[in-house]
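This structure is in structure tokens; I'll ask about it shortly.
Should a chain be cited, it is by its letter among A, B, C, D and E, assigned in written order, with residues numbered from 1 in that chain.
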Amino acid sequence: MSIEMTLQRTPDGSARSLAESAARRDPRAEPAIVRVAIITLAIAFLSIFVVLPLVVVFVEAFGRGVVAYLSALADPEAWSAIRLTLGVAAVSVGTNLVFGLAAAWAITKFDFPGKTFLITLIDLPFSVSPVISGLVFVLLFGAQGFLGPWLQDHDLQILFAFPGIALATIFVTFPFVARALIPLMQEQGTQEEEAAISLGASGLQTFFRVTLPNIKWGVLYGVLLCNARAMGEFGAVSVVSGHIRGETNTMPLLVEILYNEYQMVASFAIASLLAMLALITLIAKTILERNIDGDMPHDD
Amino acid sequence: MTIEARGVVKSFGAFKALDGVDLKVANGELLALLGPSGSGKTTLLRIIAGLEWPDAGEILFDGENALDRGARERHVGFVFQHYALFRHMNVFENVAFGLRVQPRRIRKTEAQIRARVKELLDLVQLDWLADRYPSQLSGGQRQRIALARALAIEPRILLLDEPFGALDAKVRKELRQWLRTLHHSINVTSIFVTHDQEEALEVAHRVVVMDKGRIEQVGSPSDVYDSPATAFVHGFIGESIMLPVEVTGGAVHLNGRPLDIAVEGGAAGASTLFVRRHDMLIGPADSGTLHGAVTHVRSFGPVQRAEIALTEGSTIEIDAPRDRELRIGDRVGLKPRHYRIFAGG
Amino acid sequence: ADVSLLNVSYDPTRELYVEFNRAFAASYQKETGKSVEIKQSHGGSGAQARSVMDGLQADVVTLALAYDIDAIAGRGLLDKEWQKRLPQNAAPYTSTIVFLVRKGNPKGIKDWDDLLKSGVDVITPNPKTSGGARWNYLAAWGYQLKKTGSADKARQFVADLYKHVPVLDTGARGATVTFVERGVGDVLLAWENEAYLALKEFGKEKFEIISPSLSILAEPPVAVVDRVVAKKGTQAAAEAYLKYWYTKEGQEIAARNFYRPRDPDVAKSYADAFAKLDLFTIDDVFGGWTKAQKDHFGEGGIFDQIYKN
Amino acid sequence: MSVLAPRRSTLPGFGLTMGLTLTWLSLIVLIPLAGLFVRSTDLSLAQFWDIVTSRRTLSALKISFGLSFAAACVNLVMGTIVVWALVRYRFPGRRLFDAIVDVPFALPTAVAGVALTALFAQKGWLGAPLAAMGIKVAFTPLGIFIAMIFIGIPFVVRTVQPVLIDLDPEIEEAAASLGASRWHIVTKVILPSLTPALLTGFALAFARAVGEYGSVIFIAGNLPNVSEIAPLLIVIRLSEFRYADATAIAVVMLVVAFVIIFAVNRLQRWAQSQAST
Amino acid sequence: MTIEARGVVKSFGAFKALDGVDLKVANGELLALLGPSGSGKTTLLRIIAGLEWPDAGEILFDGENALDRGARERHVGFVFQHYALFRHMNVFENVAFGLRVQPRRIRKTEAQIRARVKELLDLVQLDWLADRYPSQLSGGQRQRIALARALAIEPRILLLDEPFGALDAKVRKELRQWLRTLHHSINVTSIFVTHDQEEALEVAHRVVVMDKGRIEQVGSPSDVYDSPATAFVHGFIGESIMLPVEVTGGAVHLNGRPLDIAVEGGAAGASTLFVRRHDMLIGPADSGTLHGAVTHVRSFGPVQRAEIALTEGSTIEIDAPRDRELRIGDRVGLKPRHYRIFAGG
């Protein structure tokens, strides 16, 4: 709504003299020179730091033609990496979704002491170095770690296998769904739920019929970001993966490996898949944001 | 159904929101809870609805303890100040919600639900809005849909938290009469919260005046208006002139000068004289017991409102009939027709 | 597959093991009738050893230096005397350290001393994480020590050398990529096989190999991880796998991938492929890996001291 | 838990969801992180101190924190300019640029690292002209700085953007009618109003950059004391089999991360309480 | 300073927010702009303040063109409905802002600024709040600070956009008198916007009634109340009974039945009869010209309000004095004391 306000207030350069003097004197507008300078700076900055790296990925990926690109993707190792990545992402998104919903419910619908602290703990993985995220699981499950000997006795492989990679990824993507939901649900308050309960709905009915439909875009938004990060995680996975070809290499790891094997096209081909995923995520996110806004009643 | 609250106490942290509230609501009554912001009106309503639990005290529905039942089981229709309509459901589904979530064995068939919702939408005169979403409704329409939704479950009690609080003055006035008529036709024991005295007095059978978590007075609209029980009620309801007086030796003194009015109530010492604006009769300078000069006059409508600087020091506003025109500078004499004296400055 | 082996190896052996695994699988099938599948894991030698210690289920380890396998043995995963279980110190192929320079050798680099010429940027990985880098370091040290006979001079030489290093990659392969792909530096200190591979991948018209007058004999060792094979029941296959290195076919594969074969016959037939230069061994000059590691790369060792100042 | 819960509450599920939250949080985050601390107690305090204050560690921490700080500063300034352009002006491609701000969020860090390296290497599109001017980016601290700017952009933009959008236009008009020049309006009214959001964005960008690994190691020279970041040092210590050292560095970084995030959350609460009128 | 608007037109897209507004405000006058939501009140105020530019027309301050000056140069004090206080500055700094951003050559010294702010805070009686932040103030306090801030620059004109719009009823009423007194003491030409008629009538010297971007009437409070110029004004100001009538052959007909009242104004054909509630005199069933039965009565305060179902079909509400008590079911006769007839249904 304020976007439209800005829209209205931004001078449209219409020719009449009154409008012109309005444009000159709009108390919320900068002089044209400043305006142009700011826009130029912003575009230049974003182009250099964001657009160009993205372009590089695609240029390199398609540098030797589409055939080379496709054959790079047809490689069984690429497939195995894609499968693993999808599997890991599915598991982390799934668990973090359940957790995120539970955490958001507990935090936003009830009052209890230590809320900020709890939110901080949930946020923590966000700013923990991915390397440390991997390291903690090595310390926990490694052969020399706390649980290592016990795991080995029971023949359980966690590190350097799917569970370890999934755990590290879950850790890294832990806050995403909860973070997307908490502010949204905080803003929505508890009145609709109270209304539902007083109309005779059970807890589950209230959740599925009232809460969930209201936050569905937020949920999707969190899931998208969680998924993007889960598929793209490098540092943490690198520490716990073991780099077994065709087995424990995720797509980002394969990017590095292929890069190190002078297979630039293949490397950038996988990278371009990930970049594409990122772009799709962003497009979906942009659409969702509009939906989330649309869901919010502005008028009461 | 009757409602009874006994010694209800509720604190938030160190703050006492309700401080021993006793209240009885008769079957089919329409009761207004009136009080300034923060006086505990919403809290009391939420406790009756089962959305909040008291720290002490009892709530009885038809003499039975209600506190061991949750909001879900109390069958109370609650209308929230900001409506709390389900944003993602259209009007029809909003109203149908309470019917759809009933336990399967007593749930109505789809056809029955449709019929009932239709009936309710007719009742609130908004059947043509069935397919709209809440965001496409005006405030007054939302309010009425919220009411229809609350009525759908055939509540034994209807609780309305500032039903018109979020509406603009014009719409509020229109809905007052509508609510009165509606209550007449459904005849469910109802409590509604408001901080607008005019609304309370005009709509309700009885009015409960609250302040600081306590009930100050319960009575019919004319009771609380004409015979306020406490200084607070007198000051809060209607527009009153308040003068600081001293009651000594059976006489009322204003600024040391005795007034020609009888001591009323048990007041003694520093007290306050309360007079309704229209109960302050105005006459020539040599009449009455208070004297002063007119400093400002506005005249429109049935009365003229005059600001009068008393020789005793205060400035008061009175409402006089328009039969005799007042002018700035006129010296006048005043005498209260009805008045109350309450102890305390 | 009937048997599945995991070979945890270091960076530059990626291409080598592709070919070797294929040949071994065929041969094993023929001899035993069982199919075998070999999985590979590559990375910096130290990091790879660390993973094995932390529980990566490697049947065999084929690393850049004995020290890394010693470290694994230190955790009880295999016999401390592992190096005696296979011929030639359990190093079935050898290599050495050479220089890769840009075509035409614009900076005129002929030997170790030329590396210190001003304006010369040297690319070598981090000896803390890369096996290859340690060989590079020791080769430089050994050259200077042999030339001047002074450990202090050697130390000074190495310290000066690292002042010419603009990038320290974590692995040998990373360093190669930096040099050939990113165009950083004038000379890459590299495994001989790595240098040849770069020529093959990027063309003789871009780079050339310079062999210094003296270098080190690098012996990348191989070993079966006893604890793992015992658990997985893959001991026979794992041992067969490593023994296959000592066959003619194995040695040929090493030679074709620019590793110096141990087998004299094979060596002779590939004599032209490798430059002739004098090689010293780590035992000769440094008294073995354990000592070299402790003196040079351990905590507070000489390398640390170089970067202290 | 029952201590935490309201005595009786209208909405159900507090016990269940809180239980699930705490259990899951403990399993995934708290216990593993606690393991880190327990491991670090293998070290005596003196040992811990020695590791953390060794020149190499200090340099790495200094590089990580210093460059992150510098990058966060750049992001603070440029992010504000970007937000301003996106919110206040219409220009062709505005929506596209708005969407693209999030790329660093969604793009895998390794891909970003490889791409940035290719871009800024001496033969790269930007590296070549810069090299001609005598500026080397890739494999220098400047490269780390660039990568850190890359990953930090969305944090500043996305925290400040909604606040600027919601900024009441009337406060600017009020200032104008009180006689303030545009410069005064921007510096005395708008920017101070954005301060909590700016600080939050800054802190988030900073925290993320400090921990960043994937996009940095490709472009960093990784020279000890010069361009070796703390996360890389942890990896190096691990491959040297020096777990204690790795753990000690990790503990330091973790504590700092926690402090930053906690401060950010407090800041946001405070800003919210200021905003609630 | 005088203000004059001449033929001011302002459109937003296709929508005409102001449609040719002419208005003169005398020096020192306190003028109220009254009108329903969307009638263009804020737009007009913003154009005068230089926050918006008209598409056509002129704005003159003391006869000089104001349109070629920006908001900065007009020296207009503007008080926003939602106060628009600077949240990050305390009360003192908010009030001081206008003084601090003055060009250096005319800027006051710090000591002078402090003195002036102190003086203004005294004026609005809030000097004890100087160190608080806006979020720590009540609505009424914020409003007064916003006013003090606007006054700091010694504006030549004071514009207030719904100064009490966001306050609750009680506080609004308290501030009315305060505003009147304040204006009296500073005596700056002032325009304030409101949609509360009581407020406009009680506070302003003159009232401008707007609707749909046009001015419907300008006049003193009693003018607009007692002699509404248009049907809109009659309906909008005061509480009116409206009855659809037919004017034919010089007589007024309600539902076909002629009423015993004179045709007033130039109305003919389908028209509307407007009567103030208190101008509908009530008497025995056989008196008057309209007849009906009482269906609801509320009596408190100076009058009793009765709902009466007319035999002619409509239901109306009237205000009768309390001297004769009305009861539900009473049959009564009614006669308008004053009334207006305007053409149109």
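By definition in this document, contacts are C-beta pairs under 8 Å (C-beta built on N, C-alpha and C of every residue); 3 or more make two chains touch, one makes a residue touch a chain.
For each chain, UniProt lists the protein as follows: A = Sulfate ABC transporter permease subunit CysW; B, E = Sulfate ABC transporter ATP-binding protein; D = Sulfate transport system permease protein CysT.
All figures in this text were calculated on a predicted structure; none of them were measured in a lab.
Chemist: Please find the two chains that have the most C-beta pairs touching each other.
Modeler: If you count contacting C-beta pairs, the leading pair is A-D.
Chemist: Quick one: point me to the chain whose Cα centre is farthest from that of chain E.
Modeler: For chain E, the chain whose C-alpha mean is farthest off is C.
Chemist: Measuring from the mean C-alpha position of chain A to the mean C-alpha position of chain D, what distance in angstrom results?
Modeler: Chain A and chain D have C-alpha centres separated by 15 Å.
Chemist: Starting from the mean Cα coordinates of chain A and chain E, work out the distance between those two points in Å.
Modeler: It comes to 52 Å between the two C-alpha centres.
Chemist: Let me have the rounded angstrom distance from the C-alpha centre of chain C over to the C-alpha centre of chain D, please.
Modeler: For chain C versus chain D, the centre distance works out to 39 Å.
Chemist: Pull out every residue in chain D that's touching 2 or more other chains.
Modeler: 10, 173, 175-177, 232, 235, 238
Chemist: Going by the touch rule set out above, which residues of chain E reach two or more other chains?
Modeler: 50-51, 70-72
Chemist: Find every residue in chain A that makes contact with two or more other chains and list them.
Modeler: 27, 138, 144-145, 194, 197, 202, 259
Chemist: Tell me, which pairs of chains are in touch?
Modeler: Taking the chains two at a time, the touching pairs are A-B, A-C, A-D, A-E, B-D, B-E, C-D, D-E.
Chemist: Flag every residue of chain E that touches chain A in the complex, lowest number first.
Modeler: It comes out as residues 12, 50-56, 67-72.
Chemist: Residue numbers of chain A touching chain B in their complex, please.
Modeler: 191-192, 194-202, 205, 209-210, 213-214, 295, 297, 299-300
Chemist: Along chain D, where are the residues that touch chain B in the complex?
Modeler: So the residues of chain D touching chain B come out as 7-8, 10.
Chemist: Sort out for me which residues of chain D touch chain E in the complex.
Modeler: 168, 170-171, 173-181, 184, 188-189, 192-193, 195, 273-277
Chemist: Inside the complex, what are the residues of chain C that reach chain A?
Modeler: 6, 8, 11, 14-15, 39-43, 48, 51, 53-57, 75, 171, 173-174, 177, 181, 201-202, 231
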